[in-house]
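Just so it is clear, A, B, C, D and E label the chains in written order, and each chain counts residues from 1 on its own.
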Amino acid sequence: MLRFLLIRLCRAALTVALVVTFAFVVLRMSGDPALIIMSVDAPPEAIAAFRKAWGLDDPIWLQYLRYFSAIGQGELGQSMRDGRPAMQLVLERIPATLALTLPALALKLGIGIPAGIYAALHRDSLMDRIVMVTAVAGFTVPSFVLGLVLVLVFSVQLGWLPSGGQESWRHAILPVLTLGIGGAAVLARFTRSAMLEVLGQSYIRTASAKGVPWSRVVRGHALPNAAVPTVTVVGFMVGSLIAGAVVVESVFSWPGVGRLLVVAVANRDLAVVQCILLLVAMTMVSANLIVDLLYGLLDPRLRSGAKAGAH
Amino acid sequence: QADNRPSITIAVQKIANSNLLDVLREQSNVGERVFFSSLWEGLIGRNWTGNLESVPGLATEWKRIDDKTVELKLRQGVKFHNGDELTADDVAFTFGKERMFGDTQPAAGKTISVDFVVGGGRASKELPAEVPAVARRSWPALLGIQIIDKYTVRFVNGTPDVTMEGRISRYGSEIMNRRAFEEAKTYSDWAMKPVTTGPYRVAEYRPDVSLLLEAHDEYWGGRPPLKSIRFVEVPETASRINGLLSGQYQFACDIPPDQISQIEKNAAFEVQGGTILNHRLTVFDKNHTQLQNPLVRRAMTHAIDRQAIVDSLWAGRTVVPKGLQWPYYGDMFVSDWSVPAFDLKLAKDLVKQSGYKGDPIPYRLLNNYYTNQTATAQILAEMWKEAGLNVEIQVKENWQQILERTPTRAVRDWSNSAPFNDPVSSMVSQHGPNGQQQQAGEWTNAELNQLSVELETSTDRARRKAAFRRMLEIAEREDPAYTVLHQNATFTAKPKALAWKASPAFAMDFRAENWGGRS
Amino acid sequence: MADVTVTAVPAIDAAKPKPKQRIPFLVWCGLVWIAFIIIVALFADWLTPYRFTAYDLRNRLALPFHPLHWLGTDELGRDVLSRLIISVRISLLVAFGATIISAVLGTLMGFLAAHFRGIVEQVVLMLADFQAAMPFLILALSVLAFFGNALPLFIGLMGLYGWERYARIARGLAISAGAQGYAGAVRQIGAAPARVYLKHILPNIASTLIVSMTLTFPEVILLESGLSFLGLGVQPPMTSLGNMVGYGREYLTRAPWIMLAPAFTIVLTTLAVSLVGDWLRDKLDPTLR
Amino acid sequence: MSSAPLLQVRGIARRYAMRRGLLGRPVDVRAVDGVSLTVERGRTLGLVGESGSGKSTTGRLALGLEPPDDGDVLFKGAPIPAAGTLAWRQMRARMQMIYQDPLGALDRRLSILEQVREPYDVHGIGEAGERGAMATALLQAVGLRADQGNRYPHELSGGQRQRAVIARALATKPDLLVCDEPVSALDVSIQAQVVNLLVDLQQELGLGLLFISHDLKVIRQVSHRVAVMYLGRIVEEGDADLLLASPAHPYTEALVSASPVPGRRARPRIVLQGDPPNPAARPSGCAFHPRCHAARERCKVESPRLLPLPDGRLTACHVAHDQANFLKAAS
Amino acid sequence: MTGLTSHETSPLVAIRDLTVSFDGVKVLHGIDLAIHRGEAVGLVGESGCGKSVTWLAALGLLPKKATITGSVILDGHELIGAAPTTLDSVRGGRIAMIFQDPASALNPVIRLGRQVGEALALHGGLSGRAIRAEAKRLFDLVGIPDAVRRLDAFPHELSGGQNQRVMIAMALAGKPDILVADEPTTALDATIQAQILELLTRIRRETNMALVLISHDLGVISETCDRVCVMYAGRIIETAASKALFEQPLHPYTQGLLAALPPLEGVRRRLVPVEGNVPEPWNLPPGCSFAPRCPRRGEACDTRVPSLASKATDRQAACIMTPPLAQPQRRPEPVYA
């Protein structure tokens, strides 16, 4: 177990390092922050001065080393745009992002999982078909199309809800819906197939043979088993809590991390991008790790390697 | 006493590129919108509601002492946002070393070179290195400010310069409060909340999100009509329009021309705005194999039906200008000049003469960095195709990729402005020897370079005009460096009920003269 | 050895009768739509009434059912129907190409992990984590930046998307097949690894992979439209469904047909593929039978 | 032919690391712990024992599918090359394995014929064009009809599948066949068909068989000699009839008595008490002593060695040896 | 058939003319079976002949696609088509079932104590601590060592034999009148199998519970059951008292099964398999299902499905070629006796 954790942690650290390195190389080679931040119309000498000041003239490997040794000292750098600490910029955005993604996650779970379970329990019924077609449709509409249509209906036509911005909880309703619907659809499909798989297992029959009423069989016996595959998807959703709402944030002018990432990438504001990537990669990697540990919790068979080779 | 002045919200595509509200750092159109005339004011102002002609600003009058010196009388009783009175000291500080020029030295007699060295750390009050560089480009030879008395200052130049008044009125020469700058802990602290004399002051700035300006009630021009102005960043066009229609925003800026009729379908709304001091160009790289021959470039300039683009994509709301110049140049304006005429036959002939074989000519552009950019590019490509030119669009992600010096650089998009009313501010500054086009190694022309120096240093107005005319001939006809497509325009949508008039610029004027509230 | 005496074994004479497998109506619709869309893509050149880049500034934003332009025109007066047809071709190319690349790449990685285990496996898993943790935005940007808007590269990039899922599936299935199952048996005969993986394991896990591909396919189309939204998708003058939706979104109120035509095509196509995929999964999964 | 036995296994051991519980330390499980066996040409060695006693592991080690941690495996007097190498792969033609689960051992997507001809393809036996005919002949030899070769595994019955597996194993005319519970999954009637087939084939081809099963009735039917395993070791080995008729080791005795035989109701049966042993926590002394009815003090401390009894078989039991010594002394 | 059994009292469960089809394919063709209190009945037959389905159908545990006709009467109550609540109280409470392959029949993510406790709570009316105590008692009863600790274990932490015992404990929790043990020992090896069979027999004796033992291993059946029903292709083709059946099987199929078993003692001889395979349910021959494999097949066999007919006291067989036994015959002791 310890060994397992150790390997996982090593892998996680390497993954994060790989992400940061990759982003560094790609971003530095594909755009000059000076030209972008100073704007192309700035005097060439101003651009040269900017480059010099930020060390953008140095060979890329030197910049890379400098960047990494700074990280080693806990120094995550400053935004090239306004000179403020990059991490501060990112942290300022996190509450807004979470205010969007957490309710959306709740929505995904709250709609997707029950819908999936329902469809599985009533397999091949009319409702099953309806739920599944709705789910697939919900998943296939690009989120910005959905967002724009929601705004047209609920803001412009009906005037019920604001169309963008982040002033009150009412502002969050439409973006949360937009984000939630697609995810709920994915989750519903996943839950359904996980549930169907479990319902075919013989321990479900055993439970019935004991005289356990069907509703309790479903709750007590099927659900805990169906949770295992579902957790994977949920883990992925949790992993993308931070930067998973880029498009929706843009459509709803929601000042979240996703938008910051887009802007920072466009500006090649490296320190900011890297801070976000660090957070994103760490969230994703820890979500993965938690999922792995949860597997063990949900399914005791996975707790030990005991059965690995036995047959 | 209850303050029942209205507060308004303005949806813009971008608040500021640099996340800073310093005029020397944020050198962009979008910056102009939030700065002028709400926040920053210069000594010589512009008539934002008129035709941008010079008008008294923080200076009430000015006069030439000699070729190198201008004297200005400061307006009295002007209060900064922090309550300080504007004095000559603030003006001198604004144009001083600490704030503007850093270690740079004024040049005398030559355009400034690119290779000077500046130091600069980040977290200190020390100026970011690019600020002095920008300032020196605006004021290449300014020796300094002479304080004559509390309300009188003199600008002293190292070289004779007929454009000094223009430079005083230009973007970047606005006045700031000395005490506030000195008291701020870091440069960026100051630059996110600069203390100036404008009718509105910064209440809260959330970079990339919103900027809240509130009324500066001691404003010299009278109590501002609005309690607060909130700029919110709404990158999506549709979202800006939707927010306007649903009443969330009072103004929606950066409206693409195609949306105008849609918005105005609703009788309660209107779209204002029009041309600005900015021309859209297509720029040539004369080193590209296919473009070495000026005939090919000339063919390209004649193959474009500019008026059709203006009429369709711009709904006729902009114009095809007379080359890279603006009427506000006054007597420097070459009024009988025009862009190359649309003549498909001529274009085809030129192509034939040039011996061009149909090899691809890459055309680099950004994805709608300029209004209608992608649409225009696709039309241009088709128009060129009709003339027998095989132009291939290559969408790039940023300017480095556009400017990257490779054998595939041939045609690209650009725009040019004129920060003040003289061709030096456009032709020389953009296409002269130190201009971006030559610095990027796309194009050069010995004669034009000579003329650049003349235009910059000469005080003989007739000779200057002749030089400028010749420069236009070279750069737009003989050895095309670029070709002007159309003037740029910006459009702002608002409820008809709000009595407010748009400027022929990005700047939005919310002073009392331009606000009639609900009519 | 041929004359070893063994008693004859009566044969099973009939295979199990297939229970009447009526394809559900919706799945039928899905299959028909997919066939239609593929035909459109294949014969795009013959079907387009106009060159898809041909502009007509006098006929901008013409309404659908215009005598010359059935689906109307866009902001440059280009025929929406022609653009839609070409877009279908490009999008299908991207989606098919990317799906196949991710499946091939992922399966290969999965097999490598399963075959070598140990450090190779950890590296593959790390790359999978990397792919999940790296915002796709940055990958997309790197391709656009370094390679321009070459379609093959774009397809390759989209192919990077989702390979990890195949890698995990392939690894899991290959390990279990190798332990005691048929793959172990074949290896035991003396077959080389290539034979074991390609001839035996691959065909056996193909159905799972195919079902997985029906999931990737719509995701790629959606991803491409998301990238187009950010300006990183298929670049003009080339067009794709996502690109049309992305550029058309400004015209949602003024000229909705520019966006709705491709948006409906996306929804219908992905819906069709998903429905068929879900159906296939139910059919191919023995535990559900 | 050399005089070396077909397969000779000398003191092989195999350990697996196994973790118990969430934070458990890995424990070495000695799945096979010093086993020696010999399989002669044309003869069958039956290997019986409780589940988990290491029978399959022994089989895999004997075939060189895994390397032993200790001891060595000699095939025709020569050691087996490392698994996965070309030499090892070529050697597969000489020795084959038959698994318990024929469905699992067959590729569900290929027809029976294709799978039976696969060894020809792999080892390049015969002309490519003839291989189909060769495979068909092989199918007929194991009692399948030619047309059944075109079927897929799931279209055959369990016994037919096992025949196909056997046909595939015989394609290269191997000298050694390791059968790991080849009939355990089959119904009695089918089981009889397959057992008969194996016996016939052995007589026909002179195969050496290592036959693993826990069904003593089947073991007795096919084996010349029988080895009984308990917890990774051989506790008794000898002539099949002798060993099953009069087991000397108490474990063998229990095993024999537990074998259900119809119509033999109410015969006294030794029902072992306690659990099957845990290979991770091997009891001290004789591993069987906690469940042994005859266990003595000595059994708890001293591990018995596998020694011959006067009747020729080998037994690892203090009690049995004491008894034999006593009888010898008495006579 | 009830009238022909040796029991005079009315049966606990009477199955009458039970048929089951899946997707229109009939797999049970009218099963008649009666179980009396305290009786041990064996159900034998090759794989796929319908042994499990019979009882799954009786308890309503088959998937929805199965069509069931006939009747199953438990103490005067019809079970086929009964309300779910009725079935819930019968299952586990009156008739308990042990499934083949305990590894997959136990829920892998629930602790064993809870799985057993659930049955106790449902049928024993127990709660809280009492459940745990009772579960421990059951574990002790079925011989699971270290019972207290094992209550908190998960199925994968126990061996197959132990899991099978847990299944038995679970089945016993509801104090059922009938225990249906579906191949309780197929997955186990000989010594453990012996332990389980011993256990079942003991419990039956102690509680006077009826035991239905399903297996295709004639040896197992013979050692445990009083009465045996032999099934073939969805029908019962022979039924008799255990002793009688093994001494003198009447139906050629039963004879074949017995002959196919290798002896453990005595001279080794070539095995005599029943050649061929069980016909698939969708491909049954028109007459006797066994006819194609039957050494004694006559012409009539191909045309008529033989019904279960009395061949001697307490014996029935479905074979037209088998004449009724004149009188109880004593066969010489088998060679391996």
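Keep this in mind: a residue touches a chain if its C-beta (ideal position, glycine included) is under 8 Å from a C-beta of that chain, and two chains touch if they have at least 3 such contacts.
What you see is a predicted model, and the numbers here were worked out from it, not measured in a lab.
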item: Minimum number of chain-to-chain touching steps separating chain B from chain E; value: 2
item: Most widely separated chain from chain D, with each centre as the mean of CA atoms; value: B
item: Whole-Å gap separating chain B and chain D, where each centre is the average of the chain's CA atoms; value: 89
item: Inter-chain centre distance, chain A versus chain C - centres from mean C-alpha coordinates, in Å; value: 22
item: Gap in Å, rounded to a whole number, between the CA centres of chain E and chain C; value: 50
item: Rounded Å distance, chain C centre to chain D centre (Cα mean); value: 48
item: Set of chain B residues in contact with two or more other chains; value: 236, 238, 397, 401
item: Numbers and ranges of chain D residues touching at least 2 other chains; value: 52, 157, 159-160, 193, 196
item: Residues of chain E engaged with two or more neighbouring chains; value: 273, 275, 277
item: Residues of chain D that touch chain E when the two form their complex; value: 50-52, 157-160, 187-193, 195-196, 199, 214-218, 220-221, 241, 244-245, 254-265, 269-272, 274-276
item: Contact set on chain C toward chain D in their complex; value: 1-9, 11-12, 15, 180-182, 184-186, 188-193, 195, 200, 203-204
item: Residue ranges of chain A touching chain E (in the complex, touch as defined); value: 201-203, 205-214, 220-221, 224-225, 298-301, 306-307
item: Chain C-facing residues of chain B, complex; value: 236-238, 241, 256, 258-259, 261-262, 308-309, 311-313, 367-368, 374-375, 377-379, 381-382, 393-397, 401
item: Of chain E, residues touching chain D in the complex; value: 46-47, 145, 159-162, 188-195, 197-198, 216-223, 242-243, 246-247, 256-258, 260-265, 268, 270-275, 277-278, 334, 336-337
